[in-house]
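Data first, discussion second: the structure below is written as C-alpha cells.
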Amino acid sequence: MTAAQPLPDPLAGPEGTAAALPEAPRREALYFALRNKKLLIGSAIVGSLLLLGILAPFFFQNGPNERIAPPGLEPSAQYWFGTTQFGQDIFVQFAHGVRSTFLVGVLGGGIGAVIGMTVGFVAGYKGGWIDEILNMITNVVLVLPTLAVLLIIAAYLESRGIVMQSLFIGLTTWPWAARAIRSQALSLSSRDYVDLARLSGFRTHKIILRDIAPNMSSYLFMTFILLFGGSVLAAAGLDFVGLGPTDGMSLGLMMHQAVKWGALQLGVWWWFVPPGLGITAIVGSLYIMNVGLDEVFNPKLREM
Amino acid sequence: MSLKVSDLRVYYRTLRGDVHALDGPTFTLADGEIMGLAGESGSGKSTLSKSLIRLDGRMRYVGGSVELDGTEVPIWDDAAMNRFRFKEISIIPQYSMSAMNPTRKIGVMIAELLESRGVRFKTVREELHRRLELVGLDTEVLKRYPIELSGGMKQRVVMVLSTILDPSLLIADEVTSALDVSTQRAVAEMLVEFRDRRFVKSMVVVTHDISLVYQIADSIMVMYAGRLAEKAPARTIIEAPRHPYTRMLISALPEVGVTYAEQRLTGIPGSPPGLLDPPKGCRFRARCPLASDECATEPPFVEVTPDHHVACWKAE
Amino acid sequence: MLRFDRVSKVYNVGSFGSDRLTAVREADFEVRRGEVVALIGESGSGKSTLGKMALRIASVSQGTITCDGTDISTLRGNRRLKDYYRRVQGVFQDPFSSYNPVFKADRVFAMVRGEYYRDVPDAQWRAKVHAALETVRLDPQQILGKYPHQLSGGQLQRLLIARALLLDIDYLVADEIISMLDASTRIDVLNLLGDLKARGLGILFITHDLALGNYISDETVIVHKGSIVERGRTEKVFGDPLHPYTKKLLSSVPQFHKKWEEVEAELKAREAADTRIRDYHLPVGQEPPAQLFEADEGHFVQPFPHGARASA
Amino acid sequence: MRKYFARKIFVYALTFFVAVTINWMIPRFMPGDPVQSRLARASLNNPEASQAMRDYYTSVFGFDLPIWQQYLNFWGALFKGDLGISVWLFPTPVTDVILRAVPFSLGLLLPAILLSWVVGNRFGAYAARSKWLDNTVLPVGYVLTATPYMWLALLLAWGLGIVAGWFPVAGAYSFALRPDFSWMFVSSLVQHWFLPFLSMFLVALGGWAIGMRNMIIYELESEYSNYLQALGAPRRLIRKYAFRNAMLPQITGLAVQLGTVVAGSLLTEIVFSYPGLGFLILQAIQNQDFFLLQGAFLFIVAGVLIANFIIDIVYVLVDPRTRIQLQGGVK
C-alpha cells in the first residue's frame, strides 16, 4: 500500500526532457510493462492458475467431494495431488478451490473497491462536513478487526454461499482503500484542470469520473489487486475456522478438513500443502505484479 | 583564478537517448566574484550548477574539466567529490525550506553533520552563533525543530550552515524564487554580505530573474540551450548586450514604469530547440533575426572586449 | 461590470470548523468591460481567493459579487451556473496543471462543445475553434491533436485563453497566468490580454509581479494580508504611492536600470518633499478600518498610522 | 493536544458502540430467528444449559420487552461484566472462560508483533541498500505476507513438529503437567509456545520489511537527504536519518495491521490447539456456544481499540512534528 504517484509529473523531469518526450504516456507505460520481470512473472502465475480454475473443473467427471479412490494415496500419475482420507481426489478439490478463490477475490475485492472508491472520491473531492462524516465512518470500520466481525456474522448465518461471503468481506475490507483514494483524490482535486472542468459546467460526478479517476486508473487498479488479495486471505481464514460456504469446495475448506481429520498427525502432507500453496501463489503473485505495476507507472521507481 | 570550467559536458540519460543538457561551457570565475547565472528552463543553468557539486543519478559526465583554486575537481567521481563538498564547494539549494531533517533538532543536526565531516562542533560553535545573529536569528533556533521555524528562518539557517566552513565556491540555486518581493531583497543582500565578510570566496547565483542578479552580481552569464551565450559585467549585460538572445531577452522584460499603452514589448518568437538531438551550429539560429549561413558553424565563446565574452558570429 | 462589494472570505479550519481564518476582508472594487484591473499581492494576501470567488470556485462568506447587477451567489443549479460561465471565465497559473495529462490538449475545447455547443455542426465548430486560435496567434496545425507535454507553457496558456473565447465571454479572470512561463515568451501572452481588452473584455489580472501589473493594467488594486491597502488608476498608484506597504513593494522589486538603493533614495526624497496634509492618518495603535479613504480622485488608500513603515 | 486525544477517544468509543450494537443486532435480526433455533438445538443436547441460555436471553433480550428496552438491558449486563454462561464449559461464566484464555493470546501476540516489527524494519532498511538485496528480500517479503497464517503454521507444525520431532504441536504445555513455577513447566510452556510464535512472527515479518523498504527509499530521495549528500555527509549519517524517519509511519502501520495480526493469531492458535481466544472461538463455533463467541468478539474489539490508543500516544511521543503541531507551536 505504498503511496504511489499515479502519473509522471511533467514538471518533475530534468530540464528539457519534458519537451523531448514525443509519445503518449500510455504507450510509454506499455513499453515498461513488457520489460518488467516482476509484472511478467506475477501475471504468468496468476494467469495459469486462473486458467486452471476456469477450465479444469470441466474435464473432471467427478465432483470435489465424491469419494472415488482409495483413501490416503500419495501423489501419483493417476492422482496428481494424491487423495484424502475419504478417497477424494485432491487435485479435483484443488481446481475447484482455485476457482472459488478467484471468485471470492473478484467479488469481495470488487465490492470493497466500489465502496472504497465511492467513499474515497466523495470524501476527497467534496471535503467539508461530508468528508468529516465519511472519515469518521471509515475510521470506525478500519479499527474493527475484520475477521472477528466476519466470524460473528458468519456464525449466525444458517446457510452460507460464496456470494454472501464475498459481500460481507467486501463490506468490511474497504476502509484503507477509501483512505488511500481519498488522499489521492484530495490532491488531484486541487489541480487546476479540475477547476477548469467546473468552469466548463461539468457536474460533480462527471468531474470525478472524467477528470479525477482517469488520472488514478493505475492506482485504482493496484488498490483493487490489494483488496483482491485481502479478500482471498479473509475468505481462507473463515473457511479454515469452519464458517466457509456450506456447499462447494474452497482452498480454505480443504485445509479445514485436513486439520479436522488429522492430516497433520497422519503425515498426509499432500492434503494441506497444495491449498495453502495455491493461496500463497495467487496472492503473492498479485502482490509482486503490483510492485511491477508501480514501477511501470511511477517513473521515480524505474531508475532503481 | 578561483574557478575554471573547461568544455564541461554533462548529459541526462533518458529512454530515447542522451539529452545534451550541458554542452561544453568554458569560463572562469575570479576570486571574490559574484556571478549571476541566468537562463530560461532548459538552458542548462541548473545542470551546470549541480554538476559543480553533485551529479544526480540520471546525470552522466561526458567530458571536460573543473578546476578550483588550481586543483582539479573530480566531478565524475562521487566518492572523491566528498572531500570538496561543504569545505570547498557548497550549495544553498532551491528547496532550502525543506532541506533540514524534520525530526532532528537543528543544532543536533548541524553538530552531527559537522562531526561526520571530521569537524569538531566545539570549534565552530561560536562562529555559528555569531553568523546566526548576523542573519537576524536567535541562537535559540538551534534548540528547535525545523517545523517550528518560518520558511524565511529556515532558509537563513541553511544559508549559514552551508557556508559555515568558509567554502571557496558557493552555489546559490534559485534561492529567492520562492520568496515574496519584500523578503527576497533581504536574502539577496545577505549573499553579498557573506562575500564581503569572506565567508565565501566566490559565488554563482543561479536564477531565471535577471533583474534580481543585476542588483547583486558583479558579472552575469547567460546560457541558452545548454551552451553559454554571453558573460560580462552586470551593467554591461543589461546596457550593452552583444548576443542577439540577450538583447531580445532583455527587451522582452517589463519593469516598473514601462506600460503596454506607451511602449509595447515583444517576446522572442519560437521556442528553444530540443536537446535530445540538438541542431548543429548556433543553437539560437532558428529564432535569431540576424542568422545567416555562417551560423551553421558553432560560434566560439570569445572575449570581444575585456571581460565581455560572447558566442555569436554577429557580435563583431 | 464585475463588482466586489465588501467581499470577505472566512475559512473554517480545524475539525468541524472549530477555528476561523480570514483570507479576505471586505474587499471592494470593480472590473469594467474594456479595462484591465491588476490585483497585486504577495503569497497569502488573498488575491487568488478573490479570483476563485469571482469564478464561483470558492464561496463568498460575506458581501456580494455582482456580475452586471446579478448577485452570483444566487446562481444555483447547473443551468444558471453554466450561463454564468458563458460570460465569465478563468485561466490559471500552472499551464501543465490546467490540462488533464491523460488527454490531448484540445480536450479543453471538446469539453466546452459538449456542454455548450452540442448542436453546432462540425464544420461550423471547426471554424469557431480556428478563429479563436487565430486570436491567440496559435497555428491549429501545431496544436490540435497534441498532448499537453508536447506543447510549451506559452502555447498551453494561449490555448486556454482561446478556450475562454469560444464562450464569447465578457470577463476573464487571469490568475498569475504568465508567472510560470519563460521570460522570452511571457510578454507575448501578456500582450494578448491587451488585445482582448481592446475587444471589450474586462480582465482581472492577478499577479505578484508589480512590473507586470504596471505594464498591462488600467486600474491597480494592492492587497496585503486579506485587505486592500490601496487602489486607483495604475499611473496614480505607481506614480504616487500612498500606503507604506505599496512603497515597500516598490522599493523591493528588482529593476533593470536602477539599483535598490537608488529606488529607495528616490522614494525617500519624494516623501520628504511631499508636504500635503494627510487626513487619512490614524492615531498610533488603532486598527485600520477596511473602508478605504479617497485621497485623490479615484485613488483610495487604507488609513494607516502617521509615520508608519511597512508592517510586513 | 487534548482535542486530538478527545477526538481519537471519541472514534474509539464510537467503534466500541458499533461493535456492541452489531453484537446485539445479529442474533436478533438474522433471518430465520437464530435465537429460537439455537435454543431448540441446545435443549436437545443439554437441557441444563438450555435453561441457563433461556434465562440469559429473557433477562437481556426479554423477548416481550420493547426493542429499545432490550438494547438497554444488553448494555446494562455488559457493564456488569455479564456476558452470559458458556454452554461449552457449562456452567462457567463466559467472562471467566475468556479471561483464562487472554494471557495465552497476549503471550503469543505481543512478542510476535513487536519482534516482527523490529526485525522486519531492520531487514527492510537493509534491503534498500543494494539492488541485489532488494531483489531477494522483496519477493520473499511478498510471499510471506501472502501466506495464510494457518498454512505456515501447518507447514511448521508438520516439518519441525511431526517430522523433525523438535517441538510439540498441540496445547500450551504438556498435558502431564499442572501449572506451577517449576523449571519443567516453564520449559514445557516455552517449547509449546515457540512454533505458534514463529509462524506468526514470520508471516508478519514480510509486511514490515516491505513497508520499511518502501518508506526508506522515499526518505532517501527526500530533500534533506539530498542536501546532506550535497554537503558530503557520509552514507552512514544519511541512512541513519532516513531509517529513523521511516520508522514513524511504520508505527502508524502497526495500528493498521493490528486487526490482521490478531486474525492471524486466532487461526494460528487453532492449528496448534493453543488455548487462547482463537481456540475458544473454534470451540464456540463447534459447540454452538454463541455467548462465548460474542464475548470473545467483544474482548478482541476492546483489545484492538486499547492497542490503537496506545499506539496513538506513542506516536505523539516519538514524532516531534506531531507533538509540536498539537501543542500549537508552529509558527
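First chain written, first letter: the chains are A, B, C and D, and each begins at residue 1.
Here is the rule we use: contacts are C-beta pairs under 8 Å (C-beta built on N, C-alpha and C of every residue); 3 or more make two chains touch, one makes a residue touch a chain.
All values reported here derive from a predicted model rather than from experimental measurement.
K.L.:
What chain sits nearest the middle when you go by CA atom centres?
P.N.:
Nearest to the common C-alpha centre lies chain A.
K.L.:
Of the pairs B-C and A-C, which shows more C-beta pairs in contact?
P.N.:
Spelling it out, more C-beta pairs touch across B-C than across the other pair.
K.L.:
Roughly how far is chain B from chain C, centre to centre by C-alpha average, rounded to an integer in Å?
P.N.:
A distance of 32 Å separates the two centres.
K.L.:
Would you mind pulling out the distance in Å between where the CA atoms of chain A average out and where those of chain C do?
P.N.:
About 48 Å, centre to centre.
K.L.:
Taking the mean of the CA coordinates per chain, how far is chain B from chain D in Å?
P.N.:
The separation of the two C-alpha centroids amounts to 55 Å.
K.L.:
By the touch rule stated above, which residues of chain A touch at least two different other chains?
P.N.:
19, 21
K.L.:
Any chance you could list the residues of chain B touching two or more other chains?
P.N.:
In chain B, residues 41, 271 touch at least two other chains, as defined above.
K.L.:
For the complex, give me every residue of chain A touching chain C.
P.N.:
7-8, 10-11, 18-19, 21-22, 24-26, 129, 132, 191-193, 195-203, 211, 214-215, 217
K.L.:
Going by the contact rule at the top, pick out the chain B residues touching chain C in the complex.
P.N.:
Spelled out, the residues of chain B in touch with chain C are 40-41, 180-182, 184-185, 188-189, 208-212, 214-215, 238-239, 248-250, 252-260, 264-268, 271.
K.L.:
Give every residue of chain C touching chain B within the complex, in rising order.
P.N.:
42-43, 152, 154, 182-188, 190-191, 194, 208, 210-212, 214-216, 234, 238, 248-250, 252-257, 259-260, 310, 312
K.L.:
Contact residues on chain C for chain A in the complex?
P.N.:
15-16, 52, 55, 57, 78, 81-82, 85, 89-90, 92-94, 96-103, 108, 111-112, 115-116, 147-150, 152, 160
K.L.:
Give every residue of chain A touching chain D within the complex, in rising order.
P.N.:
Answer in residue numbers: 2, 38, 136, 139-140, 142-149, 151-153, 155-158, 176, 229, 233-234, 236-237, 240-243, 252, 255, 258-259, 264-265, 267, 269, 272-273, 275-277, 279-280, 282-284, 286-288, 291, 300, 304.
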